[in-house]
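Following this message is one structure expressed as structure tokens.
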Amino acid sequence: MTLDYLMTLSIFAGINIMLALSLNILIGFAGQVSLGHAAFFGIGAYTSAVLTVNLGLNYWFALPLSVLISGFIGFLLGLPSLRVKHDFLVLATIGINFVVVSIFNYVQFFGGPYGIVGIPRPSLFGKTFDTFGYFIYTMVWLILSVVFVIYLSKVYLRYGFEAVKEDEEAAESIGVSVPRYKMYAFTISGAMAGLAGNLWAHYMGVIFPENFAFPVSITILTMVVLGGVGTITGPIIGAVIITLLPEILRFVQNYRMLIYGTIIVLVMLFMPEGLMGYIRKVIKR
Amino acid sequence: MILNSMVLGSVYVLMAVGLTLIYGVLKILHIAHAGVYTLGALIALWIFEKTGNITIAFILSLILSGMVGVLMYSGIYKKVLKKSRIVPLVISIGMFVALQDLFRLIWGPYKKSFQVDLGIPEIITEDMVVTQSQILILIVTAISLLVMYFLMVKTKWGKALRACSDDLDMTASLGVNIERTISFGFFFGSVLAALAGILVGIYDNSVYPTMGEVPSYKAFIVIVLGGFGSLRGAVLAGFILAFAENFLVAWKGFLLPRDAIAFLIMIAILMFKPEGLFGGISR
Amino acid sequence: MNDPILVIDDVSKRFGGLQALRNVSFDVKQGEIHALIGPNGAGKTTLFNIINGFLKPTEGHVYFRGKRIDGMRPSAVASMGIGRTFQIVKVFPEMTVLENVLSGLGMDVYDGFRTFVEKPFSKERMNRAMEILESCGLSDFLDKLASNLPLGLQRKLEIARALATSPQLLLLDEPASGLNDLETNELRELIFKLNEKGITILFIEHDMKFTMNTAEMVTVLDYGEKIAEGKPEEVSKDPKVLEAYLGSGEVAESR
């Protein structure tokens, strides 16, 4: 139980929280059930990796670029949501996840199945971030992200999202352009997940296509569902639990997908509003 | 290659038709359907290994798988149908993921061999060889489709299912036992999925826990292509998809894995012709 | 002054083989309370959907305050000043009554970057929301979840939300459907009150009694065509209208 270990764990938790929050913007705020979220995570990671490793760009340039590109691809990948019914959007997003990972796997430029190695740590004022430095760095982004999401939930954008989520026709009738808001959701969500990807890539130093495949999307979904779709604290708590679970219960490692799947089923059956939603309900009584 | 496409198409069709029976009525994406596919193959292999008798293996596996399907409905789906659109969707995914991992834990992650001598003579012509398993697949599919046709058109249950698929409330108010009808739908749908799984297991000579992953979405792609809820569409689309995949791969040496083709087709259809080939809004 | 605020100009709508609307033309004058009636399947909701922008006419045009609006996005049409309620009530179920109205108040904000900056819970908007809720008789239910309200109140909430968008024309699709006598009267009162404030009202209804007692002008559709138009008393005696209703097996009941 060294300090190093704790800090690494916290870094992972931070990244997971950002992923969960970003998926929540899509599913919880705007009601777009997206099951390929790991794709955005991967795009952020790969873009930054390519920019720094293959193109030799400085990290601090690669950072905003990779976030922007993730957001842009989020925008593109959100286009199907304009035409596609609820259920089939899920399939489309799974498909997108699959296609994106295939591209990472088969296109030589991205290193193929051997991934990309030698991704540099960022450095500030001449000092490269060590574990502690990276920990602080991640926490900064984490706090900014949480503040950002809280801010989003307090402006009219939130109502626009909620309207789209609850009744698209009614939303249109009060002036909410449904396509526009769906695109907002996908873009913001994609950018945020891309940021998480950037943080992951530069901490791990190596990335492989399978880091961003369907099981990862499921993991992120589990975090959001467990914590409570639509709330802000929900995904945070869900992410922390899911990050800690394999650490606290060592044996869980082997049964991960089984446990996540079961969690999803049980939560949906008995507590569909998630932990936070449930707690809130109990308090209201 | 045409033969291959026919064979591949048959498998797709079995999966898709089974899924249509379920989706057509409940309108939920039963992603766990692919779990039944895998289960069918695993159970059949296990029974075959224990008894040496392939027919028993087939029959038992199909029955058990059918029952599992019904269990999925009565134990899980039924409870969440009333809730928002998101819940049944997510539950289905959770079930599928959990099931696959469960299979891995029970049966091990490795590919197992499924060697069976079916006692069917191979057909050897000048140009090609039609293997045992290929003949089996084609025949079984043909028979299944005939049986399905008979069930859907001639039996009371089949008509009830089609009515439910058109208008659930109306059918209920006419006194039809919805529960029973849906359960039958799940049963036969799951039987078809398991059948597909067994056939593929024999054909590929490999059975493994994640074999359902690709069929899980391919089946839906077929449904999208054929028009959701349309049985005819599912049959036609299954073959079309198989042919498309094989031709594209042979022609250009496609850049991405062949499965990506299916996805791209689906995304394209969903965006440009969401009703598919035969779909209307209701059918 | 009494110019038409809405002009339906020779609108036809075909769905594949089905002709839902055929050469329908009529005006709604500013400040009018206008009813659109006709037996089931006559195409009334289809016409509403065309006005709103959910559908495009196969032929013909729709003009609002002189501007052509057919083909515009529904949200754009809403911004021009047309509010809408729906046949099956479409309040936002998971939002409270107050939130439903606040969401409507955001209409001028949603398009554009103000949506990233403006807060719904400002003093101004809260006051305006309270005003609207009071005028609709909903101020006691501020915090209630919309899905928990009885149907009559939900319909009022839908109207309140539409009001929040400051419409000049309000389209009400079967607002009295499913309401009891008391609620129907309250609805009529509300419609008159809104009309006094200058809002033009166009509503679809089945309930003949309600229509006759509320509307100033009536347009009648049958099988997608306009078959009659005029003041309520005239229309209710028109033989073509009676035949349309009786002929389709539907008796013009008073409830």
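We call the chains A, B and C, going by the order they appear; numbering starts again at 1 in every chain.
Note that in this section a residue touches a chain if its C-beta (ideal position, glycine included) is under 8 Å from a C-beta of that chain, and two chains touch if they have at least 3 such contacts.
Predicted, not measured: the structure shown is a model, and the values here were computed from it.
In terms of Cα centroid distance from the overall Cα mean, chain A ranks first.
Using CA-based centroids throughout, the chain positioned farthest away from subunit C is B. With centres set at the average Cα position, the gap from subunit A to subunit B is 32 Å.
Averaging C-alpha coordinates per chain places the centre of subunit A 42 Å away from that of subunit C.
The distance from the centre of subunit B to the centre of subunit C, with each centre set as the mean of the Cα atoms, comes to 46 Å. Per the touch definition, subunit B reaches subunit A in the complex via residues 27-29, 76, 79-80, 83-87, 89-91, 93-102, 105, 213, 217, 220-221, 224, 255-257, 259-260, 263-264, 266-267, 270-272, 274. Residues of subunit A touching subunit B in their complex: 27, 31, 33, 35, 79-80, 83-88, 90-92, 94-96, 98-99, 102-103, 106-107, 214-215, 218, 221, 225, 229, 254-265, 268-269, 272.
Within the complex formed with subunit A, the residues of subunit C that make contact are 52-54, 73-76, 78-79, 83-84, 86, 90-95, 99, 102-104, 106-111, 114-121, 161-162, 164-165.
The residues of subunit A lying in touch with subunit C in their complex are 154-160, 162-163, 166-167, 169-178, 180-181.
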